[in-house]
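Just below sit the structures, each encoded as structure tokens.
One chain, chain A, appears in both complexes that follow, with chain B as partner in the first and chain C in the second.
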Partner chain A sequence: MTEFADQLLVLVMLINFLVLGSSRMAIAIRAVAVQGVVLGVLPAIIHTFSWHLIAIIVGMILAKGLFIPWLLFGAMNKVQIKREVEPYIGYVSTLIIVAITTALAFVFAAKLPLAQEHQGLLFVPASIATIITGFLTLTTRRKAISQVIGYLILENGIFIFGLLLTSAMPVMVEAGALLDLLVGIFVMGIVINHISNEFSTIDTSRLTALKE
Partner chain B sequence: MTDILIHMLLTIFMPPLLLGVIGKTKAAFAGRVGAPFLQPYYDLAKLIRKGSVFSDTTTWIFRAGPIITLAATLVAALLIPLGNHLSPISFAGDMILFAYLFALGRFFTTTAALDTGSSFEGMGAAREVTFACLAEPTLFFALMTLSRLSGSLSLSPMLTTLSLSLWFSAGAALLLLVGGMFIVLLAENCRIPFDDPTTHLELTMIHEVMVLDHSGPAFAYILYGAALKLFVLGAFFIHIALPLKTGNAILDWGVFILSMLGLAVTIGVVESIMARLRLLRIPQLLVAACILSAFSMLLILR
Partner chain C sequence: MFYSLVLLPMVGALLAWFIPSNRHRPLVLPVFAVLHLTLVADALISTPLPSPDGWINLDPIGKLFLGTITILFAVCAFYAIGYLAYRQERSNRVLCMGLLVCLSAMTLVTVSHHLGLLWVALETTTLAMAPLIYFNRNARSIEATWKYMLICSVGIALALLGLFFLAYSTIVARQEATLLLEPLIASADRLSPAWLNAAFVFLLVGFGTKMGLAPLHTWKPDAYGEAPGLVGALLAGGLVNCAFLAIIRIYQICMRANDTIFYHNAMIVMGLVSMAFAAVFVVRQADFKRMLAYSSVEHVGILAIALGIGGDALFGALFHVINNGLTKGVLFLSSGNIHRAYGSKNCELVKGALQRVPWSAGLFLAGFIAITGSPPFSPFLSEFSIISSIFGQGKMLIGTLFLLFLAIIFFGMASSVLPVVMGKTSPAVVKSNYRDRLLTVAPPLFLMGIILMLGLWLPAPLKELLQQSAQLLEVRR
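And now, the complex of A and B:
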């Protein structure tokens, strides 16, 4: 079964590349939605059946696969931003950076003193690579929506790490994390709307240039 | 012995058929009858019978270009195993020779283009080498992954040990490799998302613009060399994507021919449903292909 989990994690890492390499918002949002669904399915593969597990899976798929993408598409249509123009670092360069950091994540994960049963799995490198992708998306993109997407990827990375511990993780903690994320997205959505209402752009780099 | 003979015959006679199949597929998508399957052969026969015109400003490089390119591709065709049969020539490290024979061919195509002194052809040559230097790492990552998987540095054992059972144990890595190699296959052979082989606008051409000044037999060599390159790289791709083995020598040849025709149909479908990419997007896609195969190597090395 862990073989199949590894294939899914490879898919997750490929989605990281896709998000960083595409300039269209719609592609990035859908990619993150697919990533959320894949991560929602993962616990079912590696852990034995329990109601707690079902709750996590259903919660993940609903929240990350449907609800958050729906909110993001709504925000995207409202502010009429279809693509990310001129990121701080170009697409090809970010792709190369993320490829290098993914390779480094593998090296780093091999050096970590992990529990015996977790060694040789893709979980730890995939988690580190996804967290770094989240950071890169947050820092290299100008538009507020892209930064929300970066935040989502960051959370996905943390979730992959949490997967190793799911059996020990109480459902309240999991629900709390999802709720935090949801509130975060809400706040970001409101902020995006306000930025676009006030300054007719959601380019966050303009915010520092404001003067009375 | 018979296998080597079949290898030679297929290498010499099959490549233009692939172009015919691609053309027919595109015609079917457009709702046309399309040129007959054998049209590329007729075109080659027509060109061979024509006379050549050489510009006064060109030197021997211009005349040598098409011949050296074709010869390099033919030698590369001897190194690659077709289907489940070993190649006629094979030695440790022939994968490097394989990769650089194509580079040699490309070097002479581009120098022949520069030799004409035409600014359009110079532009085409600049594009060709730019994209080639992005496609080359992909091929090498793929070769490294495959040699790690098979424990061999020679193409024949490397490619013939690939099997369906490997797809179950290292599926993710092989899938990444197939994705990366398909992009390289299209880019190296100037197929549609990268270059349109039927375009008539010099500004957007890559490969076609470099051969504008060639005529007659020289142009036939170029067309035939391009078809042969598609055939050789296609055979390489088929080994990774469809490592089917029946165990019967004759049946294996049949499987190989069918999968090559299937590949030609796939390329035709891709060409029909995709538009040509903007020139600025091409390096992006090639870097993506490079990352795919580098990632697959990472998964195998881990």
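And now, the complex of A and C:
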């Protein structure tokens, strides 16, 4: 089964490239939704069956695959912005950076003192690569929606690492974390709407009134 | 017992949602704040038994933080009635709900001994506060809210990764994987050191972001500057303390590890950097609420240094948690009054507040004297005990830098605060309808009274509680 899990993780890493390489927000939102669903399926493959597990998986897929994309599409249509313009670092450069860091993630993960049963699996490199992708999206993009997408990718990367811990994270905590993520995105969506009302743009580089 | 402590404010939030009248809704706040205060007082005296699974437990450290938070919240709740009476043009439904949800989450932070649960509660406080920063509904406050949301969310996400690393260090060490505090403390010397170090770094960065340690503090001046005074008071006195409690929990584990020099040094460096940032930016700060934000950065730096020093400084650190939290309450509430009276928080425009709002201006001045560590107020005692233990351990360089930054910050704040309070009112400033009233002055005055009392006389039960808490943090081998 771990082979199938590894294939899914490769898909997750490919989606990282798709998000960073596309200027159209609709593609990025859909890509992150697919990434969320893939990650939602993963626990079913590696963990043993329990009803709690089913609840978490269903919750994950509904939240990351349906609800959050719906929120983001709503915000996107409301503010009428379809494309990311002029990121701080261009698309090609970010793609090269993420390619290099993904490669480095594999090298780095091989040197980590992992537990015996986790050696040679793709979880750790995929997690590191996805976290870095999230950070790149957060820091290089100007639009508020793109930054939310970056935050989601970052969360996804952290979630991949969490898959290694079966017993330490109880269901209640996972559910709480998922709920917090949902509410967080919801609040961010509302803030985006207000930004567009106040500034007639969601370009966060215009948010410069508060400076020293 | 614990359930009622956490659920009671939630009931209040629900009630606030259903009350239609904008004028009567704020009354929910003091009612539930006083109920919460009585429940907490009961819990502090009777010490309820921990839950059987060990998730929820009220230890001395938790008691200290819970007591501080509930007192600060009760004071802010009474202030809120007076404040919201001036802001009838705006719906206060979200504000009242957010405050109560935040109180519930803060309570949960202080009692949880499961680090995952603590993380969830801490993230909830972040989310509950976001709409409150945007209370003024203008371009500047939306900008502050966005920065706060994004930076704190990313920070707290990194803290989650740190928690995963911590749990992973138990797996690598072939211990039972858990995030419960007590088993982690017991097995800390057997955990994988590499993963424990990684966990510490991520948790310090993550919770440090929420606490506002430099250079992760960039959201702080904006959020504190744009939020209403009472929200600022709860951010600086409540949320900061909750994040510090999270760091204390990690500290409890890391101090039991075999090699602790790295943890000590990391905290001292972060603390000194925070104080340096505060010293640079507090000087010539044109906005007195932003100035308070840098003062908050300074004080979280002091707390971090005290943890890093350890030993006798731990007592000072825990005492400083109370003092800083309550004094920040005085400063933010009184500065909110001055802001209302002048319609501005720019030090160029606001001058001579002592003539226009004598009580608020007097409190602002007294709060400034207290927070900069002057006797007879209690922050003097806690800062003094931290400094004396720094020098007592022979760390001359750290002690000298500490004193230097304190002096710079004192003069920097004085150059802004004194003209605001004492200067001559310029005729250009428009008159406003705000005057000092009982409900906007008495709450900060009450806090100021506590700070003065603690500075002159430390009650025996509190002293015992502080000593018990400091013992929990000390390394016993």
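Everything below uses one rule, namely that the second predicted complex is superposed on the first by the 206 of 212 C-alpha atoms of A that agree within 3 Å, B and C clash if a C-alpha of one lies under 4 Å from a C-alpha of the other, contacts with A are read in each partner's own complex, and residues count from 1 in each chain.
What we mean here is this: contacts are C-beta pairs under 8 Å (C-beta built on N, C-alpha and C of every residue); 3 or more make two chains touch, one makes a residue touch a chain.
Computed from a predicted model, the values in this text were never measured in an experiment.
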Quiz prompt | Which superposed partner A:103 touches (first chain B, second chain C, both, neither) | solution = first
Quiz prompt | Touched partner set for A:114, first chain B, second chain C, both or neither | solution = second
Practice problem: Go through the superposed model and pick first if A:6 touches only chain B, second if only chain C, both, or neither. | Solution: first
Quiz item: Does chain B (first) or chain C (second) touch A:165, or do both, or does neither?
Solution: second
Practice problem: Could you look at A:86 and tell me whether it touches chain B, chain C, both or neither (first, second, both, neither)? | Solution: neither
Self-check item: chain B or chain C, by number of chain A residues touched
Solution: C
Quiz item: Just chain B (first), just chain C (second), both, or neither: which does A:95 touch?
Solution: first
Exercise. Examine A:147 and indicate which partner it touches, taking first as chain B and second as chain C; both and neither are also allowed.
Key: second
Exercise. Using the superposition on A, tell me which residues of chain A are in contact with chain B and, in the other complex, with chain C.
Key: none
Practice problem: Would you tell me which residues of chain A are touching chain C in their complex? | Solution: 112-115, 131, 138, 144, 147, 151, 154-155, 158, 161-162, 164-170, 172-173, 176-177, 179-180, 183-184, 187-188, 190-191, 194-195, 198-199, 204, 207, 209-210, 212
Quiz item: What residues of chain C sit close enough to touch chain A in their complex?
Solution: 114, 116-117, 119-120, 123-124, 126-127, 130-131, 134, 138-140, 142-147, 149-150, 153-154, 157, 160-161, 164, 167-168, 170-172, 176-179, 192, 194-195, 221-222, 225-226, 281
Self-check item: For the chain A and chain B complex, residues of the former touching the latter
Solution: 3, 6-7, 10, 13-14, 17, 21, 91-92, 95-96, 99, 102-103, 106, 110
Quiz prompt | chain A-facing residues of chain B, complex | solution = 169, 171-172, 176, 283-284, 287-288, 291-292, 294-295, 298-299, 302
